[in-house]
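Look for chain A in each of the two complexes below; its partner is chain B in the first and chain C in the second.
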Partner chain A sequence: MMFGLLKGLGVTLRQIPKKNVTLQYPDVKPDWPDRFRGVHKFYPEKCIVCNQCARVCPTSCISLSGTRGEDKKMHIETYDINFEICILCDLCTEVCPTEAIQMTDTFELAEYSRDALFKNIEWLAENGRQHDARKGKSDDQANHDAKAADKAGEQ
Partner chain B sequence: MAELRTEEMLLNVGPQHPSTHGVLRVVIKLDGEIIREATPVIGYLHRGTEKLSEDLQYQQIIPYFDRLDYISAMLNNHAIVNAVEKAMDIEIPERAEYLRVIVGELNRTAAHLLFVGAYLLDLGAMSPFLYVFMTRERIIELLNEISGARLTYNYMRVGGVKYDAPPGWFAKIREFIPYFKEMYQLFDDLITGNEIFISRVKGIGSYGQEEAINYGLSGIPLRSTGFKWDLRKNKSYSVYDRFDFEIPVGTNGDNYDRYYLHLLEMEQSMRIVEQAIDSIPEGPVMGKAPKILRIPAGEYYAAVEGAKGELGVYIVSDGKDKPYRMKIRRPSFVNLQIIPSLLKDQNIADFIAILGSIDIVLGEVDA
Partner chain C sequence: MDLIKGYGRQQPLVEFEGFTPQESMELQQGGVLVGALEQIKGWARSNSLWPLTFGLACCGIEMMGTGASHYDLDRFGIFFRATPRQADVMIVAGTVTKKMGPLLKRLYEQMPEPKWVIAMGSCATAGGPYIRSYSVVKGVDQYVPVDVYIPGCPPSPPALIYGLNILQDKIRMEAKGKRVPRT
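Right after this comes the complex of A and B.
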């Protein structure tokens, strides 16, 4: 009559010799796929201050400003993302015509204060340098290739 | 002996109760151990998605839909893009349709897996939950690879999908399917045959077909009464008409039927995925859609079969790039309506078993 229970116990016993499926985070970090949408990185030299990213952002968490330089081109001055309300939706990187804003595999955003979640241009650029170094790619060539391939696929 | 003075007791279950799967409060009036009245109190997770949508362009609304029923975000994505495409008469490429079906069915399986695990956890069984999460994790990884997120995918676009499948993705699904079948067998052995489980769910919390229809139920709560109604078959959208699959139905409309239908539906979803990856055509994944989406003035309604039932989007447009009014028919919200009548005169020990079997997600109830 209690056959079902014994069967359940059998399942448990069979599991014991098997390998763990859990990860010893934070000692071992997860290996995210290429497309993973983590915290942004920003390349100030690429940005043309077109404001498209700030306009498309559904939570309006990007604020930026730029000035016109001597070469008549726009240069970015400040670029802030408020990660209190950013939903990591990727729409900003999708519209950016120069790929100045991209997403990385950084995902640990816990902070002690709300103000610390306000990330400025230096922080975002530094995140980009670290990400590129981690990925071992010169600048963002590889990212660029991947994105170009995706874009080609879309057309 | 003097007569014992008794009185009804008012008890709050939630909003921080672990087994309400979110923040639902149910106020119950108890007469001893019998529930005389149960009133769900909702709104703790209300973010005003419908109102927010009025101030957003259509492509900006998609990430908000991810956050309705956050365990089946792909299906929510499908609901909104499908509604906008129907309203604007946009054709989308075949390959995109197939990809939508594949990710949608994978996500449906993940959502049903979570139901099975969480339901068993509600009833006090810990180990099925762990096995379920092992299996679900594989699906979540697959969806992460194609969309870049584990839960809030934001993957579909009006006119197609954001990305094509990464290299080797279909091969990974092919590897996953036999693993799933093995695990499916395990759940069936571990849970369906368990005497304690059966005695907690069989014949409990049952309602009839007429009652279900009167309450406007859809999805598994409706099908558990034997009423065959699934939008994938009855009002076929996308490319669902090309696949061979069944709509499993129950007979008694009780907890057990609802639990078992979740298992059976997963099997059917996997059947669809199997057929879809074998027959997916080559081609683009994004069709021609205008950059600024403007729906012609009028009223539109389109629905898809979400993980919990009919997930419909009703759009009133005045011809601008934002909806004038958007109403989301959230199946969890509608299905929750039956709870007061269902819990009436039940034993308090069955409270969680009944509530859990209706399978609500609070993100969707409160929107």
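Right after this comes the complex of A and C.
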């Protein structure tokens, strides 16, 4: 009987020198992996209004519209994501040919009302600006910009 | 009692009316609370939320993960109860089917006042991936009044903690007489 008690106490004592495992979330922000699927960011200047993100979306939570400008190119006008039903599956990011829509590590999106979860183009672009400022420019973003610059140079 | 920046600290800093922040902090460290009874009640309630264990799908797994030692809801005075009669807040974690709806309503009615509801995840908020399903409730707000909606599929544990923190914020704001939208 005594032995069992000591065995249990031994387990307890062995835990004492170990490091605490609890993350102090509201005080310390979690460090997410690079490919964490958080709330989207959107670059309106990159979008070519191909509508692929809206078509691939399994819950049809993306709605967008655009017009053809003076330079014969499509320009985005509205871009809305309904985060009530968005399941953050990353499919819109994968089909996007110009990487206009991307995932960020933003996760603090709880709201008091359902209407507030409907996010428009301004909110998503602002989220992108904040995310870029937080992260610095990511590597593949820099690559993409370099490629675009090369293309412009060729023309 | 204004909250000084940042809800959800283990010990929330409260600013009492008619005192400077420095004095408020000294009062709080001395264990003194100054304010209207409602505000003190709101402060106490917001720091002892007892949620009802109500995991229905994958969000339930994240909820359990949030309660375990890695994220540790006990830091905020949040302890899971297995009966609605001891619970203050119902975290609806997962897909509510039309068959489950009446049971959800009954559990809500069995909870004593004051009570709050959190819709965790896309399914509980609006049906999520089952938005076009014939058997899934398109949002628990069709059955019970919801205070906080947490999007995500499922929301990560920090997202759930953020949702609980803004619920605590809401309880304190309502105690001060401010109206917070409720759908």
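Just a few scattered comments:
Going forward, the second predicted complex is superposed on the first by the 131 of 155 C-alpha atoms of A that agree within 3 Å, B and C clash if a C-alpha of one lies under 4 Å from a C-alpha of the other, contacts with A are read in each partner's own complex, and residues count from 1 in each chain.
Everything below uses one rule, namely that a contact is a pair of C-beta atoms (placed from the backbone, for glycine too) under 8 Å apart; a residue touches a chain by one contact, two chains touch by 3 or more.
In this text the structure is predicted, and so the values were computed from the model without any measurement.
Residue contacts after overlaying the shared chain place A:L23 against chain C, while chain B stays out of touching range.
Once the two complexes are overlaid on the shared chain, A:I87 sits against chain B and chain C alike. By the touch criterion defined above, A:D34 reaches chain B but does not reach chain C.
In the superposition on chain A, A:P58 makes contact with both chain B and chain C.
With both structures placed on the common chain, the touch criterion links A:L5 to chain B but leaves chain C unconnected. By the touch criterion stated above, A:E111 is placed in contact with chain C alone, chain B being left untouched. Of the two partner chains placed by the overlay, only chain B lies in contact with A:M103; chain C stays clear of it. With the contact threshold set out at the top, residues 21, 58, 87-89 of chain A are in contact with chain B in one structure and with chain C in the other. Listing the residues of chain C that touch chain A in their complex gives 6-9, 69-72, 75, 122, 125-129, 131, 139, 141, 147-153, 155-159, 161-163, 165-166, 170, 180-183.
Contact residues on chain A toward chain B in their complex (touch as defined above): 1-5, 7-8, 11-12, 21, 32-37, 56, 58, 87-91, 94, 103, 150, 153-155.
Chain A makes touch with chain C in their complex at residues 21-23, 25-27, 30, 58-60, 83-89, 107-115, 117. Against chain A, in their complex, chain B makes its touches with residues 56-57, 59-64, 66-67, 127, 131, 134, 137, 144-149, 152, 154, 160, 162-164, 166, 186, 189-190, 193-196, 198, 284-286.
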